[in-house]
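These notes open a run of structures that come right after.
Each of the two complexes below includes chain A, the first together with chain B, the second together with chain C.
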Partner chain A sequence: MSFVELVEGPLFTLAASIFVLGVLWRLIGIIRIGRTKDISPPKASAALGFFKGNLRHFFPRGIFAKRTALHIIAGYGFHFGLLILVLFAAPHIAFINDRLVSVALPEMPRWGFIVAAEVAFAGLIMLWVRRISDPVMRLISDWDDHIGTWLTFLVMLTGCLALQESHAFLRGFHMLFVDIWLIYFPFSRLMHAFTFFLSRGNTGATYGRKGMNL
Partner chain B sequence: MSEISNIAVAKFLEHTDAEAASFFEACVHCGECAEACQFHLTSGDPRHTPIYKLKPMERAYKRDKAPFSSVMKILGLAPSPVTEEELREWEPLVYDTCNMCARCTLVCPMGIDIAGTIRKMREGYAAAGIVPEGLQRAAEFVRKTSSPMGVTVKALKAQIKHQEDATGIKIEVDKKGADYMAIFSSMEIMGYPEVLGAYAKLFKRAGLTWTISSVAYEATNTGVQIGSGPLAKEIVTRVVDAAEALGVKHVISPECGHAYGAIRWAGPNMMGRQFKFEVVHIIELLDQLRRDGKIPAGKKDSRRMTLHDPCQIIRRGGLLKEPRRLLDESCSDFVEMKGAGMTNFCCGGGGGVSANPRAEEVKTAAFSLKVDQLNGVKDLEAVVVPCGNCRAVFEDGLDAYDMDLEVIGLSELIAETLADMGETQA
Partner chain C sequence: MMMRQSLALALVLFASLLLTDVSHAQTAAPTFDATATAAQALDDIMARQRGEVVLPRGNAPVAPEGGPLFGPQPGPPNSLGPQSQSDYWRGYRGGDPADIVAAVDSGQAMTTTGQQWRLLRENYIRKYAGWFPVGVIAILALFFLLRGRIRIVAGFSGNTIPRFTINQRVAHWFMAAVFSILALSGLIILLGRPVLLPLFGPQANSILTSAALQGHNLFGPIFILALAWLFVKFIRGNFFQIVDLKWILKLGGMLGGHVSSRQFNFGEKAWFWMVILIGILLSVTGVSLEFPWLFGDIRILQASTILHALGAIALISVSLGHIYIGTIGMEGSIDSMLKGEVDENWAKEHHDLWYEEVTGKPASEDAS
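Here is the complex of A and B:
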């Protein structure tokens, strides 16, 4: 079995399984902790508040926009750039159709890949530079924040190196980092990709009962 | 780990429900919350970052309760235990520099309710006895007299008598079967007793029957401020028992921020049952009476006024529009300050900060942001502050910053601008 076959075959299957089971285990673990039912007479719907809270925090409030502009631009740039790369890069579509599920996703032109990658890289680097330079972020950051950032960076970097498909090893190298990233994900703060909806939703529900959308 | 840290950690874990867990699990350490925190904005100290204040509780959760915590412990990757020294180091962050205003939640991309979680974290601190002396003293007063300022029923009755003399209206005490029972904060009873007269005037006009209980007149819930669930429940129970014994249909929560949250939102959950009466905030009630035409507005106050939004009534309480509707009808020159409403700054003394003399310096510094807001309104003559605690903080703060501005309560303003019988608003 070649290196590429290993990282795209059994290792990927193992990594993807750990990812799925780990994410489910962690989400169910959080929910299973439970919460005492709020019996104060509500003014409005908590369920509606759950959804409104989730939507509201996608959009920064104007009064904070100036102070948090860097984070908003870098954060959205990175996340959108990465999402576009994952879903619409031609090699990814081929991999998804071959290994995961048959789905007709539109292929992004090469220039689109370059733009999305540059935006994602710029966003990720800006966020990390801020993490190591801003006194607040330096104080609250831990090793998990840095490992998550660097693993994601390496996945993206090796992905760009593999884009030309000039050497099978480069593709294998990219997949190796994808596998490591998938295994690391459920045990790390990368889980925020799933836990954000619980956090926003819980606050939304709590204040939604009071008729507010915080 | 010492016995004290064991007690605190046990309470941290007990109060880390699925909601708090979701917050700890979702935080990406972006530090945005610092940009909304009044204490960080005025001190620039990174330790005043709201999410950082929760660190000991988060550590306890990640070590002992989080999914995978057992695996992490086996692998030696779990966080180290929380020590008594750390708890003591964090105490000023938890009590002195968090007014539980929830402004940080507005800016948090994950929507984390840091204020609500600080409230839960304080349970651990209160149980372990690591609390500021000022709050401890207030709690002792509450146990002895039911009031954090030691206001006795004798003092209350003296204030009632003065207001009866001033208004010529009888104020009933312990009247069974009244529709409403009013409770007040100690600050109102002793510092702003005109509010009793305002209630008397407004309710007489509205045709409501109301009373004050001689055993449960105090609304201030020191238990909520200090973070003691048992004390908070004891204070709420006193009011509930008195209201149910008098057979009232409603209890009126006063112009006091945390008191409203304590009885309206937390109260039934503390008692484990719904009340036999409805809790209504005075602002909510006045707005309803105004809409029903029972307390029509008369000649408007012509002074240029703005409104301070008490965090626990507005942002965390849900009463955003009501005070504005009332002010629009009672004041001819009402101007909003910059950042008013949902995103308004706290007075700086919420969350028990004003009851904690150790926090005096940071509280006054935090008020500077309110000063900037007030100075942003040209030719301002008065500020309406519908919370007794905020009002006292305003008076101290304005004095500290040498500002000449009248601070008034909303109920008093509504009573003063009430239409005379037969008068219609111009």
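Here is the complex of A and C:
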């Protein structure tokens, strides 16, 4: 079995299984914890607060908009860029159809792929250098934050290095980092991709029930 | 001596690449002599040295009356026989670039400027470029051994003053990250064949070069963004002033004695403008190489590869000095870019005028 066959075959199956089971385990665990019972009479709908809390957090508060502009732009640039890359890049669609499930996702043109990758890279690098440049951010960051960022960066980088599609090794190298990333994901803060709506919703529900205007 | 001759030849080749005279072959009336002899050949050489135009003798192709010199010529194939075609090719070399490109596109001719470009790139740039960063590292290592780390003479005071804002620091590290990726991938592209190929073999070199090329092309546009951001965030305080003249005369204090400076000393200002100006050069030439159809003239692309490589090597080499003085070379420097603040004594010793401006206190009274 060659290196490429290993990382695209058994190792990928193992990594994807750990990813799915790990994410489910974490999500079910969080939901099972539940919320502390609030015995005060509700002044408004907690369910509505859950949705409003999620929506409201997509935009910065007016007084913080200028201070957090860099963070907001870099954050959205990175996340949307990455999402577009993962779902609409031609090699990814081919891989998903070949190995996972048959879906008719539209393929991005090559220039679209390049632009999305550049926006995602610029955003990710800005977010990380801000993390190390700001004393407060540096203080509240731990190894998990840095490993998660660097693993994501290496997955993206190795993917782009294989763009010429002239060497199977480069594709295998990319897949190796994908496998490591999938295994690391459920046990790290990368889980925020699935848990962000729960935490925002929880805050929104708590305040919404108290009748606060979010 | 050999080095000087090599550099001179390189300059001549490069100049000829850019300044090829297109007028001769296009405008002068052709002369033709069917009985070529050695004496005539000598006459031709002397005529050319006088600046006259001499077209090929014998059965070499000659422009028909009012027709083009280049392109399909009348006569049977291989009609030139074993005779020299130097004049013929010289005509191509001096020809209109548009004609040359058209001829290449239609499969009728090849450019001779490509040969000049190849010679310059292979025999000079690829051969010597890698030695500049290596030389800078050697000089810095020697300097560190002789001078040691530049300490804060009065020691850390424990009091700090703000030097760079968070946005300035992020702009700096953003550029540093992108530049590092581009420098590494660029060096692999430029020096892969002479350096990596003998070390790791053709397969590994091919993989590395393919990866480096994709990475370099992808991060190139991000460099332009980083450069613009760096310019906006650091332009203030980086204009040259009279005080910089004193810094130059004292070689930045290397000859001993104190050298006053404002927020940025001459060395820092020079580095800033190097980054901006060479950065613009790298951006323009990089864009021309990544989108070759924008310019159309192959000689612009050839010149772009040369200028891109020279600019990059200069920036990489000097950046090593910047990294050295910002980290192990000078005590307290790195704090300015990591924390945004510097120790007061560091500010008094290295940027006294800036210290006085920021704090309103005299630097000399407190400094030991």
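Note that the second predicted complex is superposed on the first by the 212 of 214 C-alpha atoms of A that agree within 3 Å, B and C clash if a C-alpha of one lies under 4 Å from a C-alpha of the other, contacts with A are read in each partner's own complex, and residues count from 1 in each chain.
Here is the rule we go by: a contact is a pair of C-beta atoms (placed from the backbone, for glycine too) under 8 Å apart; a residue touches a chain by one contact, two chains touch by 3 or more.
Predicted model, so just to flag it, every value in this text is computed and none were measured.
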{"item": "Clash or fit, chain B versus chain C on superposed chain A", "value": "fit"}
{"item": "Partner chain(s) touched by A:L55 [first = chain B, second = chain C, both, neither]", "value": "neither"}
{"item": "A:H167 touches, of chain B and chain C: first, second, both or neither?", "value": "second"}
{"item": "Larger contact residue set on chain A - chain B or chain C", "value": "B"}
{"item": "Contacts of A:P135 with chain B and chain C, given as first, second, both or neither", "value": "both"}
{"item": "Contacts of A:A117 with chain B and chain C, given as first, second, both or neither", "value": "second"}
{"item": "Contacts of A:L105 with chain B and chain C, given as first, second, both or neither", "value": "neither"}
{"item": "Which superposed partner A:R189 touches (first chain B, second chain C, both, neither)", "value": "first"}
{"item": "Chain B versus chain C as contact partner of A:V20, first or second or both or neither", "value": "neither"}
{"item": "Contacts of A:P41 with chain B and chain C, given as first, second, both or neither", "value": "first"}
{"item": "Nearest-approach distance, in Å, of chain C Cα atoms to those of chain B in the combined model", "value": "11"}
{"item": "Overlapping contact positions on chain A, where the chain C interface meets the chain B interface", "value": "134-135"}
{"item": "Chain A-facing residues of chain B, complex", "value": "16-19, 21-23, 25-32, 34-36, 40, 46-47, 49, 51-52, 65-68, 72, 102, 105-113, 116, 264-269, 272-274, 278, 315-318, 320, 339, 342-343"}
{"item": "Residues of chain A defined as touching chain B within the complex", "value": "25-26, 28-36, 38-41, 43, 53-54, 56-57, 60-61, 63-64, 67-68, 71, 75, 131, 134-142, 145, 186-187, 189, 191-192, 195-196, 198-204, 206-207, 209-212, 214"}
{"item": "Chain A-facing residues of chain C, complex", "value": "166-167, 169-170, 173-174, 176-178, 206-207, 210-215, 218-219, 221-222, 225, 337-340"}
{"item": "Chain C partner contacts - residues on chain A that touch it in the complex", "value": "70, 114, 117-118, 121-122, 125-126, 128-130, 132-135, 157, 160-164, 166-167, 169-170"}
